[in-house]
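To start, the structure itself, in structure tokens.
Chain naming follows the written order as A, B, C and D, and within any one chain the residues start at number 1.
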Amino acid sequence: MNGVAGGLVAQLLLAVLAVVVAVTTTGHRRNLLAGTACAALAAAGAVTGGLALAGRQGAVEVPTTLPFSPLVLSPDRLGGLFILVAGVVGVAASVYAIGYVHGASASRSQWSALAVFLLGMQLVPAAGDAITFLLAWELMAAASTVLVLADQTRSPAAREAALWYAIMTHLSMVAILAGFAVLAGQTGGTGFRVLANADPTSPAVSVAFGLLVLGFASKAGLVPLHVWLPRAHPEAPSHASALMSAVMVKMGVYGALLVALRLLPGGPTWWAVLLMGLGGASALYGILQAAVATDIKRLLAYSTSENVGLMFLALGTALLLRGYHVPGAASVALISCLLFVVNHAAFKATLFLGAGAILHATGERDLDRLGGLVHRMPWTGASFGVAAMGAAALPVTGAFVAEWALLQALIHGVRPGDQVVAVTVPLALAVIALTAGLALLTFVKAYGIAFLARPRSDAAAGAHEVPTTMRVAMGAGAIAVVALGVVPGPVAAVLARSLGIAGAQPIGLAGLELTGMGALLDPLSLTILGLLIGAPALLYVVVLARRHPREVAAPGWGCGGIRVSPRMQYTATSYAEPLMRVFDDALQPTRDVEVTTVADSRYMAARVEYRQRVDDVVEVRAYAPLVAAANRLADRARGIQNGSIHRYLAFSFAALVVVLLAVVR
Amino acid sequence: MTTAILATQLLALTTGVLLVTSVLLVWQRSLASAVRVLAVQGGALALLVVAIGLTEGDAELFVVAVVVLALKAIAIPLVLARAIRSSGVEREDKPLLNPTAGLVIVALLTTLAYLVSTPIVAATGGTGAGEAGPAAFSAPVGLTMVLVGFLLLTTRRRALSQVVGFLVLDNGIATVGFLTAAGVPLVVELGVSLDVLLVALILAVLSGRMGALIGQDPVSMMTELRD
Amino acid sequence: MSLSALVRLIRRTGRIAEPAPSDPPATPLPIPALRGSAQIRHVDAGSCNGCEIEVGAAFGPVYDAERYGAKLVASPRHADVVLVTGVVTRNMAEPLRLTVGATPQPRLVIALGDCARNCGALRGGYGVVGAVGDVVPVDLEVPGCPPEPEAIVEALRRVTGR
Amino acid sequence: MNAAETAATLLVLLLQVTVMTALAPVVAGITRQARARVEGRAGAGVFQPWRDLRKLVTKRPIHAAGTSWVTRVGPFMLLASSFLIAALIPLVSAAPLPLVPDDLFVVVSVLLLGTVALALLGLDAGSAFGGMGSSRHMMIAALVEPTVLMAVYALSIPVGSSTLSLIVANRRDDPASIASPAGVLGVVALAVVVLAETGRLPVDNPSTHLELTMVHEAMILETSARDLAQVELGSWLRLTVLLGLVGNLVVPWGVATDATPAAVAIGIVAIVVKIGILAAVLGAAEVGLAKLRLFRVPELLAGSFVLAFLAVAASYLVA
């Protein structure tokens, strides 16, 4: 029994322990103990993942009473990477939760669900066969549904969100199940090694690919299967939404990687184009919605579907380039995909934890009612700011490196003559560029409106810094965001090894060189150069500051106006308004203006009320009809049952007869 | 040898100008400048013919070039300019498609055109600029112009700017024609160009009349012209 | 007007600005900081707009005060000189104080025109708080009702010393 | 590349930054002077911006109560990002540092650092104008991004690398590529982007006094004294460097390829001349331009995006 196997077993035991602790203890002790147990569980996962990533083999076989072969847990290097990510984020989230949870979110069920959720996420990448994969997947899905329901007693929105989430996640489950079933039918086995024998050119396998991508895409929150994201993430408690967004969604990416690289390599071109299309669409749509969102957690949720979109885009590009025999660029695209995975885990977890801190301190999620928090919550402000830089892919964060690598892959990926490539690659570049620009706006808005300027509500004015455990978790996240960006070379090398490909190697001061395309990026040297050049100016500025100290004027400059109130500031809504107008056709906001005039003249307005809401176009156009149809069907189905016991017995009797007939034949 | 290089450079330049002028026509709203751009496009077309003449080395094409210059760069623009002055409509206000979307669509149309015409390009020798024949440059460009012409025809309200669209369309056809058929017979080309001139005249007059009859002439209002 | 017509007009017009009247003034103001450059924020504290017209003329092409390093700016935070015209009315007293307070040190306040210096024709009028000097400290006064552009330019040259 | 050469390159880069910093206010002066002359005015002379800076640094900054670290650090962040770009872009010499190549993508994102600093600065004071400017600024920045990357792409195709010095060198060695449709379109698109990025007409009016039409000015309404000096110098430096880039792409001759004093001297003279001419042309041309309505700006950017896209298509599917 070696390290990996030991780690896997330890996870199972720690999960049981965590549940027991959560159920038996009470009050603040529960938060402390259960939180610690969850952190230990996650840490075990991190260690296991690290070992697997380092190449250690190890398997655990769990015999089952089911008529299947025993469940196999044997993570490969790639799985190890995802387990590591899940574990590290899990530790941060658990520590954060100790200080964060209160009321409903501190209940027995919530803590137990958290433990099970962590376990599920750490087992999915460890699965060695389809059955285990699906079981772990279901564990993850069910536990997260419970977490979304945390606030259900008080908020109907939470109940609705949980409903959407449960339906979507189980549809995805069904799709994945069907996909694996088709593959199993083709190959006659459920182990991944066996499934890998399927012939990717046969139509049946293409169907399986479609089903699997459908399932994984809906878990990954890709447009148009993203509708659960902007509902579930805001309603779940923040440590849960951090886990869901930073890790669980990645399991969809892991599934796609598993299918595209390990199970069905060398598929037809349209697979790659499909992935690129899905990715590009959700990248654009997600960031567009994020840019105009005012609920901070909704904003983050949409930005998640943007980032996952970029990951799928990178994966699709890699497959495409592989198909056209540009191995160098293909592997760089793959590496950038994994770089996105890792960095997104870092900054998105930090952002959600930060949003949770804001919620904890002000009880507000609406950016329009926040402001000036940087003075009252310096720690949160700092970590959120750093993470926001990461989300905007600015240097020197890891996301910037990932984006840079992807762009390099695109630039070097084209040989004149391959039509498909010559068309898709420029389009992909355009999509990525627009996405990057909008992401910049989105996160300048998120940080600038929430933390800078003057408070827009009493809640924001009365904010306070959050407990230590939360600060520690957020700070660690922020450090990770920068660290990943400062030493991209080793990171990328590890990622490349986890895929068993070449294409990236460290250079200079932990810089990254993309071998075969003469492109290199050394953020540390860049920073040093910047400091070197900026130093004299900085020195001069400091001297000036000593000689001519600042003075503070009471109000900001309002054209000499005397009554300058915080309500005159730009809000998140107004900040995104120009963009809203530019993309009016895509977003289709509903605006209505209500003018109430004074009694004696209808030309003098007493008050003007302006309302504007942006609904999710996809949801309104695509899902609303479906939901309506489902309801009609349900109404009709109600006709069948009238409560008479005889009729129900008749139903089961008929069913029995039918089954018997089927058996006889 | 040097003439070959010169011809290639000329081809690259003229096709580039044709492409950009078509984009500009989608870009701006002012009819007067649209006509000016159209004139430039005509000139570029004439130059293109010259370049082909250099590569093919037949003198007949130079005559065609002169004719094209006279008609497309001078005559038709003049006619249109007068029509605009008489109609008093100088802007294409609120086209059915806002310019931003139109421009993005043009980008996609261009890609499509290049895709479709790759076989032709391949047929006329390689995809590299060095050995590519004239068709390699202008077949896709011509196709793009045809598509852009249709775009203008379908999305513009003013009759005159639709005339412009029609002329772009014709220029595109001419471009493709010159190249793929390595020079249409002189007579045919002359006939076509004269027809176009005729059409331009008639449309100009008509739009003038329409202007006189129903003030502004949004073509979308002309739904009564059935059977 | 089409671009070509504009170009033709420009060529026809040529240089409008008159040659600089004289050498820099003998008695520049003793603020070395503002030597060579002075950004000006203009405040109309309750003027009849006569002075505004003259200020406009002073910064127009003919007198071109900008050539001496003076420049009108949008925000007092950017300004060194607050150029006040007209008597200070009740509603403008506080804004005037705020504007001067919003101007970083070292700064100058110029009272432009007789109204600004001593209420001029509007002395004792309804809603008049007083001259500029009664509200904020004034460093330089420019007489005249309204003062001629030359006078304004001269004052500005004393500030910039050019 | 051994240590000595690296040191030499570094030295040249520092020299380049110094020259550009000294030149930046003069460039602003040139544009204003050219404008003044075309308008028939005498103008304040090309060194007026320097006088303004000299005065600004000796004043006492004022800022509103409740402003945060952004107000104190933001201006310097902008300035520092401009310095870094001035070092990265091959202006005087086309010999990149071994570990810090002048990758165009990196250059763009360093530019964005400055953009973000300015946008946050606008928001921090909590005044209506600042927020307005910041919001418009970020919208334009967001829409510029696709165009600039597409232009970068178009320029990088012939070279097969996004490294600027290689692109410049390639254009110098193969002048035909400058006149080629792809080359021309790419540079035109880039030029439009430069106008948008540096807040010149027709995207933004650098000399407006009306708050409601402001973009860049509105963000810095609250900034004073040395903070203002840093912001202004940073923006001018940005303009100067980007003009220099366009200049070197259109006329790639005179750029030093090695660190010999003679070559460097020639390089300095060449780049100063190029930038000076471009600045004068810019200033004079702006007289004939009016500011676009904010919601017409996307049309302009879409247009230049299409140009860049055509450049890409042309270079793939034909040449």
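In this text, a contact is a pair of C-beta atoms (placed from the backbone, for glycine too) under 8 Å apart; a residue touches a chain by one contact, two chains touch by 3 or more.
In this text, all values refer to a predicted model and were calculated from it rather than measured experimentally.
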Interface with the most contact pairs, given as the two chains involved: A-D
Centrality ranking, top chain (CA atoms only): D
Inter-centroid spacing, chain C versus chain A (mean Cα positions, whole Å): 58
CA centroid of chain B to CA centroid of chain D, Å: 36
Centroid distance [mean C-alpha coordinates] between chain D and chain C, Å: 34
Two or more partner chains touched - positions in chain A: 416, 426, 551, 553, 555, 557, 559, 582
Multi-partner residues of chain D (at least 2 other chains): 58-62, 211, 221-222, 225, 298, 305, 309, 313, 316-317
Set of chain B residues in contact with two or more other chains: 100, 111, 115, 118, 127-128
In contact (per the touch rule at the top): chain pairs: A-B, A-C, A-D, B-D, C-D
Interfacial residue positions of chain C with respect to chain A in the complex: 43, 75-77, 94-96, 98-99, 101-102, 104-105
Chain D-facing residues of chain C, complex: 3, 6-7, 10, 13-17, 20, 33-39, 61, 64, 66-69, 71-75, 77-78, 80, 102-106
Chain A-touching residues of chain D, taken from the complex the two chains share: 14, 17, 57-66, 68-70, 76, 79-80, 83-84, 86-87, 97-101, 103, 105-106, 109-110, 112-113, 115-116, 119-120, 123-128, 130-132, 134-136, 138-139, 141-146, 148-150, 153, 156-157, 160-163, 211, 221-222, 225-226, 230, 294-295, 298, 305, 309, 312-313, 316-317
Contact set on chain D toward chain B in their complex: 176, 179-181, 184-185, 298-299, 302-303, 305-307, 309-310, 313-314, 316-319
Chain D partner contacts - residues on chain A that touch it in the complex: 291, 371-372, 374-375, 392-395, 400, 404, 407-408, 410-412, 414, 416, 422, 426, 429-430, 432-434, 436-438, 440-441, 444-445, 447-449, 451-454, 507-509, 511, 517-522, 525-526, 529-530, 533-534, 537-538, 541, 544-545, 548-559, 564, 566, 568-570, 574-579, 581-582
